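Shared between the two complexes below is chain A, which has chain B as its partner in the first and chain C in the second.
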Partner chain A sequence: MVTNVLYPALFLGGLGAVLSFILLLAARKFAVYEDPLVAAVLDALPNANCGACGYPGCRQFALEYVKSRDTNMFCPPGGREVAVKVAGLLGLEASPGEAPVAMVLCLGSRDKTKQIGRYEGLDDCRAAALIDGGTKVCPYGCLGYASCERACDYGAICMEDGLARVDGEKCVGCGACVAACPRGIIRMGPRGTRVWVACSSHDTGKAVRGYCEVGCIGCKRCVKVCPDDAMQFDDFLARVDHEKCTACGACIAACPRDTIVGVGLTAEALARAYPPAEAGSEGESDGESDGGRS
Partner chain B sequence: MPDVTIPGLVLAAILVNNVVFAQFLGICPYLGVSKRLDTALGMGMAVVFVMVMAVAITWPIQHYLLAPGALGEEIDLSYLSTIAFILVIASLVQLVEIVLKKVLPALYQALGIYLPLITTNCAILGVAILAHRQQLSFLQGLIFAAASAVGFILAIMLFAGLRESLEQRDVPESLAGAPIAFITAGILAMAFMGFAGLGG
Partner chain C sequence: MRRTFARGGVHPPQRKELTSGVAISSPAPPAIVTIPLHQSIGAPARAIVKAREEVACGQLIAEPGGFISAPVHASVSGKVKRIAAFPTSIGPSVECIQIESDGQDTWVPDVNLGASECTAALAKSPEDLLATLAGAGLVGLGGAAFPTAVKLRPPPGGKVDTLLLNGAECEPYLTADHRLMIEEAPGIIAGLRVLMRVLGIERAVIGIEDNKPDAVETMRAAVDEIGGVSVEVCCTAYPQGAEKQLIQAILGREVPSGKLPLQVGVVVQNVATAFAAFEAVVRHKPLIERVVTVSGGAVAEPKNLRVRIGTSLEDLVAHCGGVRGELGKLIMGGPMMGKALKSFDIPVVKATSGVLLMDEVEAAQVDEQACLRCGRCVQVCPQGLMPCDLAAMANHGRLEGFGDGADCVECGCCQFICPAGRRLVHSIRFGKSDYRRLKAAEKRQGA
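And now, the complex of A and B:
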C-alpha cells in the first residue's frame, strides 16, 4: 500500500523539517558574536590541541590570545613561525616567546678535557656511546659528534671544539636535541635569564680533576653561597632549581672551576658574578645578555 | 502505567540495571573518556543533562505521534521510534549547545566537547527507548533517565578511579594500556552482577 511508505516518509520528513527550522531559529536568535580574529588565529595555529601552551586546546588559546593581545603567549609546537603569524594577524610584533630553551650541561671542550685513544667509528654520538664513549675520559660529558646538531631542525646547535653549544635565539624549545643526546646532558630550561651548572659528572671531585678543567668537583661552595636556596646537590653534582633561582650571580663567582654559566644576567648580577679582574671571561653570556629577552 | 515505586525505579536504574554494566550501553564513552577522573565526571554530568532532556522530548513524541492510532485510525508508526529518536536527540543536543553558548557560557565551557560527543552516545537513545518500553509515565521516565545517568556516572567514575591507580602500577607489558582496562571493566561488571537480586 502506498500509505505504508507515504506516512512514514511524511512523518520523518516533517519531523526533520520542523527540527531544522527550530535549529535555524535558535542559531539566529542565540547567535553569539565571535571575533572573526579568533577563527583566523585558530586557523594559523597547528590545531593539534596538545595543551603544551597551558590551555586545554587551540581554541581556548586563540580566544585568550585575541582577548589579551599578549604576544608572550606561545605555542611550542608551532614555534616561532606560528608566533609571528599569529601576532601578525593582530597587528602585533611577536615576542621571542616563553618556550623553554635547551641548555648543554657540559663545558668540556677538547682543550679542557683529557682525551684518550682514537675514535674512528661512525661520526655520531649514539654510535660512539655504544662503543666506549668516544675519546673523552669523562664518562658523563659531551661526546662531540654532533648528534644534537643534526637533530636540531632550527640550526640552533653548533659544535665548537668538540662541545655542543646552543644558540638561545634560534632554539624554539622543541626538545629534539634532548632526545638525541645519548648522554642526556641537554636539558630544557626557562627562556630568558637563567643560570645552570654546566656539568653532568657524578664522579668524585678527585676523579673530575683528573680529566676535566671545568667539571663540577662537588665542593658545594655554590650551595653555601646561594641566598635563595636554589642550588641542589646530589651525588657529587650541583644543580640549579630554576623555580627558586633569581640569577643573582653569587654561585658563578663562588665556583672555583667556572662550571656555572649564566645567560641574560642583569648588570648587577654580572658584576657580582665576574668581579672586575675576570670580567668578560665568560663567553656564553655575551650573546644574549643584552638581547632584551622577556 | 505499571505499578513502580520511585525508590525501586531509582535503585534498579542505578545498580541493578546499570546502563553500562547490565545493559551494555554507552560503552564507547565508558572506555574512551575514563582515563582521568575529572574528564569522566565532565562526561557524566553532560550525560545526566542530555539524558533527562532526551527523555523529556522523546516521551511526548512517542505518545502523541508514534503510538498506534495517535495520528489516525490505521496509522501505526511505532516502528519508527529508533530513527525518529536519533533525529530528535541529535537536533536536541545541537539546540542545547546553541542555547547554552548564549545563555549559560559557563556551563557551556564546563560541558565543553562532551556535549557534541554525547550525540553518538547510545546510552541516551537506549534509555529513551527503554523508558517507553517499560511504559513509564512522563515523570517516571524523567526519574528513570536521571537515575540511569547517575548509574552511568557511578560506573565511569569507578572505572576512571581504577584506571588512574592502574597507571601507577607495574602492569605486565603485554597487558599495559587497553587490555588491562578491558579486564578491569570485566571484573567491575561482574561485581555489579552482585546487585542482580536486589531488584527482584
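And now, the complex of A and C:
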C-alpha cells in the first residue's frame, strides 16, 4: 500500500529536482544583467504606458533615463513629484521642467455661437469635419462632438454645452487631445499661471460678430495695452507669447469680447483683469472659474 | 438580355418623372455670382483679377494652381465685388470670387454662341484641341469634377482603345443629362468626336440606362452617320454611372482594385462634359454654365435649369417657384451621393448636377441601431467590399485591416439597404481619411 504513494512521490520529486537543477544552470548561464536602477525607476513611474514622454512605454523611458542620466527627460503624468523621485534614485537633481497643460482655443459653446442645420452623422469631430463640420457656423471653432474627451485617458476634458473644457488639475500634458482635434484648437501651454486668447478664428471682425458672441474680432486692443509686448497678432487673431507674458491681466480687462482667459492669476492681476465695478455683473466669468480650478 | 454590372447594386425609387419631361430652361443670369476657386479635384485655381475690376462673361479670372487643376472663368459680365472665403459645397470656408453683374451679359470677343458647325474645329490638331479644353476650364460634369484635360492626356505607355460616354445618370431624381441628350444630341456627338480626336481613337460607346428610352432613340438617330460610335443600353441599376461599374456593364472589362480605367484601355466621360467640350471648341465658350436638376418633394415646380456657375441656390430655387411645404433636407447632387447643405447661400459649382429639396417624408431616416449581421450591405456592394466590417473598423479606430476600404466609391448602396439605419458611408469615409493619414505617418517614419 505504501509503495502506491511512495514510488510516484519519489519519481515526481526526483524529476522535479533534476529539472529545477537544469533550470538553475540555464538561469545562471543565460542571465542578462540589468541595472537594478531600471527596475527602481520603473517602480517610481506611474506605469500608465501613456506615451506622453515620447517613449512607447514606461519601461523604455526607464531604460533610456538610466542610460542617459538626462534629467530633462520628463514624465508628464507623473509631474514634478515623480521627476524628483526618479532623479533622486540616480543621485541627481531634478530639472525644474513641468508638464504642459492643454488649453482650448475656443469659447464658442452652443449658446454663444450661431448654429444652422441638423447634424445626423457620426458622433465624432473628425467625422463631422469631413462633412462641413457639424452645425456651428464658425469654420474654426470647437465642433463639440467630443473626440478630445474620448482621446483623453485621464478624464481631464469634458464637453459642456458643445464646448471642450480642460480640467487643468487632471490634465497631465500628454497631448493626445491635440492630435485628436480636427480643427487644431487645442494647444499646450505652461502649467500654473497662464493667459490665452480662447479663439481660433481668422475671419474678419465683422464675420466673427455674425456668428459668435465671444470670438476674437481682431480689434488689437490687447496688443496695445500689453506692457510686455507678449501679444502677437496675425490674420485677425491675437495670440499670447507665453515666454513674454507676465499674466498681468491687462489684456483680459481690455478685451471687449471676453475672449481672453487667465488661469492662476495673482490677486493683483485678477483685480486688474476684472475691475470691481464690473465684478458684480461679470465676476463669474470663465477666467475666474478656470482660475479657481488650477 | 440587357446587361448591367456584375456585382451588387440597388434599385432606389427613381422619382425621375418629376423633371424628365420638363425641357431645360435658361433663366436670366443672376445679379451676383460667387465663384469658388476650388471647383475641381486637385489644386485650387489662383485668382488673377482684383476687386473692383471689370470682367466680361467668359473671361479668365483664375488660372490653374497645379498640374491637376482647372482654370475658372467669369460667368457674368460686371465688376468683381470681392475675393474672400465663402461657405460652399466643397467646404465651409473656400476662397471665392464674387462678381456683381452689370446686366449686360457682354461676352469676351470670339465667342460664337450660335455656332454648331464643327468640321473646321475638328480639323485642328489633337494638341490644339486639348489646349482649348484645358483653357476652357473643363472638368468632369458627372459629379467628381476631375479636370478633363488631365484625363485625356494618358501617361506614356497607357493605351486607350475606347471612349465610354456616360449617359447612365443612375442617381434618382436627376434628369439633367437625360434632358441634355434629348435636346442637344448633335452637340454631344460633336463633343464626343472632339474627345475621340484628342485621344486618337476610333471607337466610342455611349452608355444609357433603359429608363431613358427617348434619350436612347435621339442619341441613336444622332450617331447614325458616324462610324465607330454606338449606343448601348443597359439595365437600370444603381450605381451604373460609376466609372468602373459602367465599364463592366458595357465593355465587360473589370478595372483592377486601386487602378484607373486606363488600365483596361478605357476613358470615361460624362455626356455633359462632351457637350461642354463641343461648346469650348466650336463656340469658344468656356465652362461657365451647366444644366442642373432642381427637384424633390419640397420644391414647387421641379425643373431642369441651365444656370451660370456661381448662382446661389436661393436664386435657383426662386426660379422653381420656391419651397413648398416643410423642407426636410437640402442636397447638392443626387440623393445617394450628394451632399446635405446647411443653407441656401451656397453657389452652384461645375460639379453640381442637381439640387434636391427633400420634404420631411423623403428625408426621413431610420434611427441608428446595432448591426444585425444580416449581410445585405455585403450583397449590394458593387465593389465587392464588406461595408459592415469596414465601418466597424473605422468606428473603433482599428485600421490595420482597412486597406480594402480605399476601393469604396461611397455610392451609398450599403447605407441605403441597411435595415438598422447605420451610417455606413460616413464611417467608411471617416476610416478612409484616417487610414490615409496613418499610411502617410508610417511612410514619414519609414523615410
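Going forward, the second predicted complex is superposed on the first by the 185 of 294 C-alpha atoms of A that agree within 3 Å, B and C clash if a C-alpha of one lies under 4 Å from a C-alpha of the other, contacts with A are read in each partner's own complex, and residues count from 1 in each chain.
Here, contacts are C-beta pairs under 8 Å (C-beta built on N, C-alpha and C of every residue); 3 or more make two chains touch, one makes a residue touch a chain.
On a predicted model such as this, the values are computed, not experimentally measured, just so you know.
**Q** Quick check for you: in the superposed arrangement, does A:G121 touch first (chain B), second (chain C), both or neither?
**A** Second partner only.
**Q** Just to be sure I read the superposition right, which of the two partners does A:L130 touch: chain B = first, chain C = second, or both, or neither?
**A** second
**Q** In the overlay, answer first, second, both or neither for which of chain B and chain C A:G205 touches.
**A** neither
**Q** Is A:L15 touching anything from chain B or chain C once the two structures are fitted on A? First, second, both or neither.
**A** After superposition on chain A, A:L15 lies in contact with chain B alone.
**Q** Output check: A:Y7 vs chain B and chain C. Expected answer is one of first, second, both, neither. What do you get?
**A** A:Y7 sits against chain B, while chain C stays out of touch.
**Q** Looking at the overlay, does A:A27 come into contact with chain B only (first), chain C only (second), both, or neither?
**A** So A:A27 only meets chain B here.
**Q** Which positions of chain A sit in both the chain B and the chain C interface?
**A** In the superposed arrangement, which is not itself an observed complex, chain A uses no residue for both chain B and chain C.
**Q** For the complex, give me every residue of chain A touching chain B.
**A** For chain A paired with chain B, touching residues are 3, 7-8, 11-12, 15-16, 19-20, 22-23, 26-27, 30-32, 56.
**Q** In the complex, go through chain B and note every residue touching chain A.
**A** Its residues touching chain A are 65, 71, 74-75, 77, 80, 83-84, 87-88, 91, 94-95, 98-99, 101-103, 112.
**Q** Give every residue of chain C touching chain A within the complex, in rising order.
**A** The contact residues of chain C facing chain A are 85, 87, 91-93, 339-343, 365, 395, 423, 426-427, 429-430, 433-434.
**Q** For chain A, which residues are in contact with chain C within the complex?
**A** Going through chain A, the ones touching chain C are 116-117, 120-122, 124, 126-127, 130-133, 135, 137, 139, 203.
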